[in-house]
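As written, the chain order gives the labels A, B and C, with residue 1 at the start of each chain.
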Amino acid sequence: MPDEEKRDIWSTLEHIDRRILYWILAAIVVFTLLVPIGLPLKVSPRTNDFYHVLEKIPDGKAMVFSIDATVETWPENGPGAVAIAKYIVSRHFKTIIWGFFPDAALLGEKYIVPIFKEAGLKYGEDYVFAGFFPGGETTVARLTTDIQGVIKKDFYGNLIENLPMMKNIKSAKDIALVIDIDGTNGTEFYIRHWKPAGVPVISTVVGVIISGYLPFLGSGQLSGMLMGIKGNAEFEKLTNHVGKGMSAMDMLSLAQTALIILIMIGNIALIRHWLRRG
Amino acid sequence: MSTIRSREIALAILTVSAVLVLAGYYLNIEGLKSLAKDLQSWAIVIAAFALGLGAVNLVSFHSMHIIRRTEHQWYLSALLLLSFAVTLITGLLLTPAHPVFKWIFAYVLAPLALALYSTLGFFIFSAAYRALRIRTYESSILLLCALVAIIASAPVYEAIWSGFATLGQWFNDVPGTAGGRALYLGVAIGTVIFGLRTIFWYERSQLGGE
Amino acid sequence: MNFESIGLLLGALFIMMVFSGYLYKETVWIHIAEHVFIGTSVGYMLVLAIKNIVDNAWTPLVGGKYSYILPVVLGLMLFLRYSRKTNFFSRWPLALMIGVGTGLAIKGVVIAWLVSQIQSTAKIATTSPAAILNSVIILVGVVGGLVALIETREQIGAIRPVASLGRTYLMAFFGVAFGLTVMTRFSVLFGGIQYILQAFGLVK
């Protein structure tokens, strides 16, 4: 039999049915859910920096909590969003919650608004939930100069101008910070329009768009960033609001270890193939 | 009539809107700023109407399949239109804040969206295995940086040796940032040039031209 | 059994239908899940769009702010594309949206991308030797990357090593981006499987 046709373990591994790989990954995820190991987690300097930005804002200031995540990205963004919301309620900030993707309306209502309610905060005085607005960047840009011109009613149908908190909040000048829960590149809109208006922007972003924001972090246009599910879990640990982020850390460690092993197997098989061919 | 039908009117609207938005920002004239704000508000309203266009296209495409009884498709199209109708009617008659509409979002739309996006986890696992190989110089750089990022983002390795996190952060902050900045600058230059070409009518493809 | 429990089980069923197409083989179940998803999501987005139009255009219009007639009319003109005699009118609202978007893009990109990124790249940090070295590495990478991207003609002479170095940096960026993307994909898969196990009461 010619060399090319001989199938050893390495050739078999190189041409493995992808469904076996899928099952390996699924098994790792199920195992870590059913048997929590509690692998260690250290809080990174980047998460500390994010926290310090929040810490520096004086109590009682107004801030924007923008939900630009979707249901698909919520498993990664959500834990951080919840932990940040819990931190906000402890600091008595005046918070406007809104978003520019359709899912923002119901994600906000299901996961974020209850945190404010349970903390005993008064709707209309301590927080306002404005829901979702189409128009993406155009809407974000417009809000810097005329918040009440864009948002006429909140999610529940109340006129914005009648809510006590909104009497002193008309434009970006009245906002101390923008926190963006970003699964869809929404932070970039804030960097382009709100940061030039003098409002610092911090964001929890999903892994797939982190690298796109690194240049903005380096230039100071983005004041802080939680990086993916790991950053979210670190923030939970830092603020003692342990939740779903921490529970995903075992999975992340084991799944990525499996991936590293597979990549090495693939490359060893390739090197062996080269050496055989001489 | 041919003047009204010509593409030049649409292009003129495009140019005027773009110039007004830019002028409203760069020039400190109150009237211009107000006009730019109004234009942006109008664009937001029109964007909401544009979503309706997508819905009309969807309904007509799938209705055609049902009418023609397309094999292996017509019953799926019927299911799609039924889901669309139920969601739309519930939302319009009962409002988006109603528990029934929220139920549809939470237990139909959300799990389906989650499931379809989750499958990318499987794909990336198998794609990384097959694609991250040291075939060429560039692919080796890609592999090295990907491995560093993967190791740095796995919490257990940072706990074993803090150097992994430091190395990962260096790769993010230096070569990663440099490459990203180069890309951003290239895209920025391209965006400005394309925008100016659109304003001066050299690019007409967005309005159905060549 | 209440509506929430029924909903959780229905959601879990939908997720399993999708996963079966990848863990086993493509069957009609995954197509059913896909079509239900498309129908529901378009219906959902349309409901929110209509609510937005009513709240932000129609209500002010009937309340006496007659300037809002223009965006409402322009929005309705989009639907004229379905008739051959009138479809040229549908280009006008499209042109307005594209024009506003173009203006905003240029405005945003010039400040946030061009000016700020060039300023940060040109600034050499002098706090420590490591900071100086990092700044120089970034400067070299940005210049090289730009040469690699912009110089699309045949790369000869001095351009070639600079472009090659630039491509190295671009590959570094893509590698880092890929490595971080893995984290997202695994997190979402974790969320999907967690949903199934929660629905069956196997995890909290």
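Following the convention adopted for this analysis, a contact is a pair of C-beta atoms (placed from the backbone, for glycine too) under 8 Å apart; a residue touches a chain by one contact, two chains touch by 3 or more.
Computed from a predicted model, the values in this text were never measured in an experiment.
Enquirer: Considering only which chains touch which, how would you classify the arrangement: line, ring, star, complete or other?
Expert: Looks like everything touches everything, fully connected.
Enquirer: With respect to inter-chain C-beta contacts, which pair, A-C or B-C, contains the greater number?
Expert: Between the chain pairs A-C and B-C, B-C carries more contacts.
Enquirer: How many angstrom between the C-alpha centroids of subunit B and subunit A?
Expert: From the centre of subunit A to the centre of subunit B is 17 Å.
Enquirer: Using mean CA coordinates as chain centres, what's the gap between subunit A and subunit C in Å?
Expert: 14
Enquirer: What is the distance, in whole Å, between the centres of subunit B and subunit C, each centre taken as the mean of its C-alpha atoms?
Expert: About 3 Å, centre to centre.
Enquirer: Of all the residues in subunit C, which ones touch at least 2 other chains?
Expert: Residues 19, 22, 44-45, 48-49, 52, 56, 100-101, 104-105, 107, 109, 117, 120, 138, 173, 176-177, 180-183, 185-186, 188-193 of subunit C touch two or more partner chains.
Enquirer: Which positions in subunit A touch two or more other chains at once?
Expert: Where subunit A meets two or more other chains at a single residue, that happens at 22, 25-26, 72-75, 105, 133-134, 138, 141, 150, 207, 210-212, 214-215, 218, 227-228, 230, 252, 255-256, 259.
Enquirer: Could you list the positions in subunit B whose residues touch two or more of the other chains?
Expert: 40-41, 43-44, 47-48, 51, 96, 105-106, 109-110, 113-114, 116-117, 121-122, 125, 128, 132, 143, 147, 150, 153, 172-173, 176-177, 180-181, 184
Enquirer: Taking the touch rule as given, give the residues of subunit A at its contact with subunit C in the complex, in rising order.
Expert: Residues 19, 22-23, 25-26, 29-30, 33-34, 72-76, 102, 105, 132-134, 137-138, 141, 150, 152-153, 188-189, 191-193, 195-196, 206-208, 210-212, 214-216, 218-221, 227-230, 244, 248, 251-252, 255-256, 259.
Enquirer: Sort out for me which residues of subunit C touch subunit B in the complex.
Expert: 3, 6-8, 10-12, 14-15, 17-19, 22, 31-53, 56-57, 67-68, 70-72, 74-76, 78-79, 81-82, 88, 91-107, 109-110, 113-114, 117-118, 120-121, 134, 137-146, 148-150, 166-183, 185-186, 188-193, 195
Enquirer: Using the touch rule from the top, collect the residues of subunit B that touch subunit C in their complex.
Expert: 4-7, 9-11, 13-22, 25-26, 36, 38-56, 58, 76-77, 79-88, 91-92, 95-96, 101, 103-125, 128, 132, 137-139, 141-150, 152-153, 170-189, 191-192, 195-196, 198-199, 206-208
Enquirer: So in the complex, the part of subunit B that touches subunit A is made up of which residues?
Expert: 33, 37, 40-41, 43-44, 47-48, 51, 96-97, 102, 105-106, 109-110, 113-114, 116-117, 121-122, 125-126, 128-130, 132-135, 143, 147, 150-151, 153-159, 162, 165, 169, 172-173, 176-177, 180-181, 184
Enquirer: Subunit B touches which residues of subunit A in the complex?
Expert: Against subunit B, subunit A makes touches at 18, 21-22, 24-26, 39-42, 44-46, 70-75, 105-106, 109-110, 133-136, 138-139, 141-142, 145-146, 149-150, 155-157, 207, 210-212, 214-215, 217-218, 227-228, 230, 233, 249, 252-253, 255-257, 259-260, 262-263, 265-267, 270-271.
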